[in-house]
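Chains here go by letter, A, B, C and D, matching the order in which they are written, and residues are numbered from 1 within each.
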Amino acid sequence: MNEEIAFWILSAIAVLGALVAVRKRNLIHGVFALLVFFAGLSGLFLLLLAEFIAAVQVLVYIGAVGVLLLFAIMLTERVAGDDNRRMTSRGWRWGLVMAAAVFVVLLLRPIQKWPSPEPPQPIKPSVEELGKKLMNPYVVTLEVLALLLTAALIGAVTAAQGVRMPKEEDSQE
Amino acid sequence: MSILGGGIFKGMAVTLRNFVGSYINKKERLPTNDYSWRADGALPQSIGDYPKEKGEQLSDTTTVTEYSRNFPMLLHDGGEPMDTVRCVACQICERECPPQCIYIEKDYDENGKYIKRPAVFDIDVSVCMSCQICVEVCPFDAIVMNSQFELSTPNRFGGLLVRRDDLLKSNDYYHKIHPEEAAARDGKMATEKAAKEAKKKAAAEKAKAAAEKKAAEAAKEEAK
Amino acid sequence: MSLELLIDILIATVPLMLIFATLFAFTTWLERKALARIQNRIGPNKVGIPCTRIGLFGLGQPAADGIKMIFKENIVPRGADRLFHLLAPILALIPSMLVLCFLPLDFPWLNEDSVKAFLLDGAVIFFFAITGLNTLAVFMAGWASRNKYSLLGGMRAVAQMVSYEIPLVLSAVIVVMMVGSLNAGEIAGVQTGGNWFVFSPWGFAAFVIFFIAALAETNRSPFDLPEAESEIIAGYFTEYSGFKFALFFLAEYIAMFAISGLAVTLFLGGGDGPGLAVAPWLSAVWFLAKIFGFIAVMIWLRGTLPRLRVDQLMGFAWKFMLPISILNIFVAGFAWHAEQLGNRYITVITWVISLAVLYGAACGLNQLNRGKVRPREYKYAE
Amino acid sequence: MSTAAAPNYELIQQDGLETNLLEVSMGPHHPSTHGVFRMDVKLDGETVVDLRPVFGYLHRNHEKLAENMSYLSSMPFTDRLDYFNSMSNNWAYALAAEKLIEVEVPERAEYLRVIMAELTRLVNHVSLVGFFINDLGALGTPLLYAFREREKILDLFEQASGARMMCNYFRFGGLRNDVPEGWLERAAKVVDHFPIFLDEYEQLLCENEIILSRTQGVGNLSRQLAISAGVTGPMLRASGVAYDLRKVDQYGIYDRFKFRVPYTDGDTGDCYDRFMIRMLEMRESIEILKQALAGIPKGEIMGNAPRVFKPKPAESYGRIEGPKGELGFYLIADGTPKPYRYRVRPPSLINLTVLRDMCLGGKIADAVIILGSIDIVLGEVDR
């Protein structure tokens, strides 16, 4: 019962955050709404007793991605736009179709086993297990990802720095 | 090679020493307590809770130094102030005052004859900058600096305009707040007066001598 | 919802918040008093019991300040983002309050259930995740004020906090590695009996790095660039007044407590100290006393040091702290393996080697970063 | 003024990666502009790419006022030029006027003038260093230590002249009054104590790594630019020119004292040099003070100069080595009791002209400390 209430509240927060993020023309508002969505998601993870994932959700998505987005926005010209545009964009029907398709695909397995769903495995979520999984079967994936991110980081630094010319020898006037 | 952050540690040692020292060696570290120039070398009790408890004699030499100057005052030589006021309303100070905060009107009797005293003598202490130029240019030693500093008033306009009657202070009061300076000034005035009198006397004697001479000559003439 | 659980939660959280809010008030007084004494002043000494002349060393000052803050006019600049201007101080306070739950404070009134509610398995990582939210609040405040100084302060704060989070986490990783757990209670439990992590070369190095990074995270001097008064007025809270400003102030101090508490947990044995066998409740007292040790050092540093420049600050994080903390992780790993052997001589040799490596690396990096900066000699003309 | 130092910073913008410059108007009520001074700064991130000093907010018409009152009456107004050093200001003005009316200054007054001027130098330098470290971001600790010592000297001033800052103590041909009894002993005590404080101060500041890295290589002022811009005082000596009016002019009785003038090679001329030169100058001032306090004779303190006078038509320029640089007063007399022309050469203003050249390419925090190291007082800049 308690969990259900929490679930609905958190879901509502997440959905609302997502909607506002899409809807707001003011970019900073949008980003913060997105962060609210992330926070709601993290709460949902916590509800599933996936502590580590929840923490990482906060750390990476809110802490890192959010700040990254904010910084990117700071570099743009127009931060605040007008909020009076149309609610939907032109291709919204196609978007609806896509969303429905994804939803159906996700629900395919439960629907197949509809009459008698498997009882959920009693799992003991632990950071240790996760760490072992991450370091044993998925180590290559992890490293490749890390390398990619490092490359992206260096690239970003290089791009942001610009080209600094050496000081030209000025002739004395 | 110096240790890492050595300079920072040195600085921290200094601040620690000051922190501890402010409890041990209060006189050196908290110099607002330094009243060593006073006779008893201690903070007057009355200042401790100023302004909650106003000391009676905050403006005399127990709390301010000999040469302390705040705003000017007019001197009189005791008795009814306006009878013995030294000021003759010559208006030199009014002319010399750099911020021009002095306003003087001469006093006249019923017949329109100038009596040597001011009818109006106003100092706007909100303008006055305590420079003491008026004191220095005064040929009559009539205006000197007061050390009264509790002048705050809620009235912005009239409140800081000090009138003649409030400016008048006795020479005794002057002696109380600036003993050395007052003594010197009195001495100077006495010598000047003496010189003047001597001059007068000399002139009188000269006149007398001349008269005697004349008389003698006249006698001589008569004797002839 | 079961009433019992609710009561347990309330028992665990409400006193925690009350205690730290009170400590905040006390700390503001302590800081002003200590700074005053460092600077040869007397400090607050008048405000005591109202309507009497009893000064109580100025202990009434925080209350008076609080009242003043509450009744002060709340000014929102024209053109500011009103919503975010309001939200920023709240967003700043929430994470700092929230992370207090992850500290292994053993108050006598806590029972098993209420403790369990907070001693999550991943407490340490949660701590870092949630303190990271402070960055957003600072940015929000800086952006919403529509003031150039605020914006500069916000940018500085974000850059600084993001940079110093890395050495902060990396030095905490060492302890996590040694204990093999992210659980704050377990980490503190391992160190009971004076077996603190700070008493080992890598632990000490990690402790120093953690402390420096914590100073930067909480915007304390000499890393108080985001609120650098002489340069950008008050940084991101230039446009804040009244209660909103008080909230920022509160958040900053609570964050100080929280990060000091984490340092105590990780390196100084949590509530470990003499006399625990006789009186277990001393644990909380020890914990708070250690936190106040940190606060005292922070105040002392604040009274002594000027602040760094923004590029030097970033340089220090990336060119000094980061390499050292990464090196320290290797040293710690090496030491851990050596200790597994159980040979006393090997342990001693490990200590010596790791000391030498860390010190040498620190000196070398310092030399590299320093450039030509050193005291100079001057000439005299007769 | 020539812009000999080209901006040593240039950002070549790439296509599509343009960033806007941020224009910040620092002041006139910014906490660290030392008064009502404004810097229009253009920032690229935190880097200063352009800077325009704006002043005049404290203009009080000093010169024109002085032309409308007698010579003596503008003496108290000179206190208010550089309100840290009222004694030095008085001296410079007295020198200029004394040249007009040609009076002798008694021996004791000359000694007292030197004592007061050097005490003023201590006051100025010690507070400047405090303010400078405050600009660096310290929480006022060095400043309050400085003020602790400054307070002792101000007490001396108060006892001698009756006011702590607006002393108005010098007169044409001497001083207003003699120092009270016991004053010289007390001054000697303060002077003897001062090196102890300086030791502490140096320990606190001079080796601090943060201060070193913040100030070294920041705000370089080349010898050439310093000379061509007319910079004087400790700033000029920090740029490598050993020029001190106390040695060059030997006004007053400075030729009787043995002291040295610290200066640099001129390789750097940065904020650290300016800060250190002042620290070293304080030591030399103490040497002068010790000699003066030992050698002061008894006697008159006021020559026979009249209070109000009408000098013959002439012009004169009196200058001293003020704590901030060469402070000069230029007077033209036309035979009336008022000067026909009265002009101040304010060291603060002239030293301030090189601000832009020193700040370009630095960070915004550097601009603040460079301004602090110039040592300006807005009362003197704007007059």
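The rule we apply is simple: contacts are C-beta pairs under 8 Å (C-beta built on N, C-alpha and C of every residue); 3 or more make two chains touch, one makes a residue touch a chain.
Quick caveat: nothing in here was measured; it's all calculated off a predicted structure.
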*asked:* As a test of understanding: of all chains, whose mean C-alpha position lies farthest from that of chain A?
replied: B
*asked:* Can you check which chain pair, B-C or A-C, has more C-beta pairs in contact?
replied: A-C
*Report, in whole Å, the distance between the mean C-alpha point of chain B and the mean C-alpha point of chain C.*
59
*Mind checking the centre-to-centre distance between chain A and chain C? Centres are C-alpha means, answer in whole Å.*
28
*asked:* Need the CA-centroid distance for the pair chain C / chain D, whole Å please.
replied: 42
*State, to the nearest whole Å, the distance from the C-alpha centre of chain A to the C-alpha centre of chain B.*
79
*Scan chain D for residues touching two or more other chains and write them down.*
141, 145, 148, 204, 206-212
*Find every residue in chain C that makes contact with two or more other chains and list them.*
38-41, 303-305
*Give me the residues of chain B that touch two or more other chains.*
8, 11, 14-15, 18, 29, 31
*Going by the contact rule at the top, pick out the chain A residues touching chain C in the complex.*
1-2, 5, 28-29, 32, 35, 51-52, 55-56, 58-59, 62-64, 66-67, 70-71, 74, 126-128
*Which bits of chain C are touching chain D when the two form their complex?*
35, 38-41, 148-149, 151-152, 156, 221-222, 224, 228-233, 302-312, 370, 372-376, 378-382
*Flag every residue of chain D that touches chain C in the complex, lowest number first.*
22, 24, 30-32, 43, 46, 133-141, 144-145, 148, 204, 206-214, 216-217, 242, 244, 247, 260-265, 268, 272-273, 276-277, 280, 363-366, 368
_Sites on chain C touched by chain A in the complex_ = 1-2, 81, 84, 120-122, 125-126, 128-130, 132-133, 135-136, 139-140, 143, 155, 158, 162, 165, 180, 182
*Along chain B, where are the residues that touch chain C in the complex?*
1, 4, 8, 11-12, 14-16, 18-19, 22-23, 29-31, 49, 52
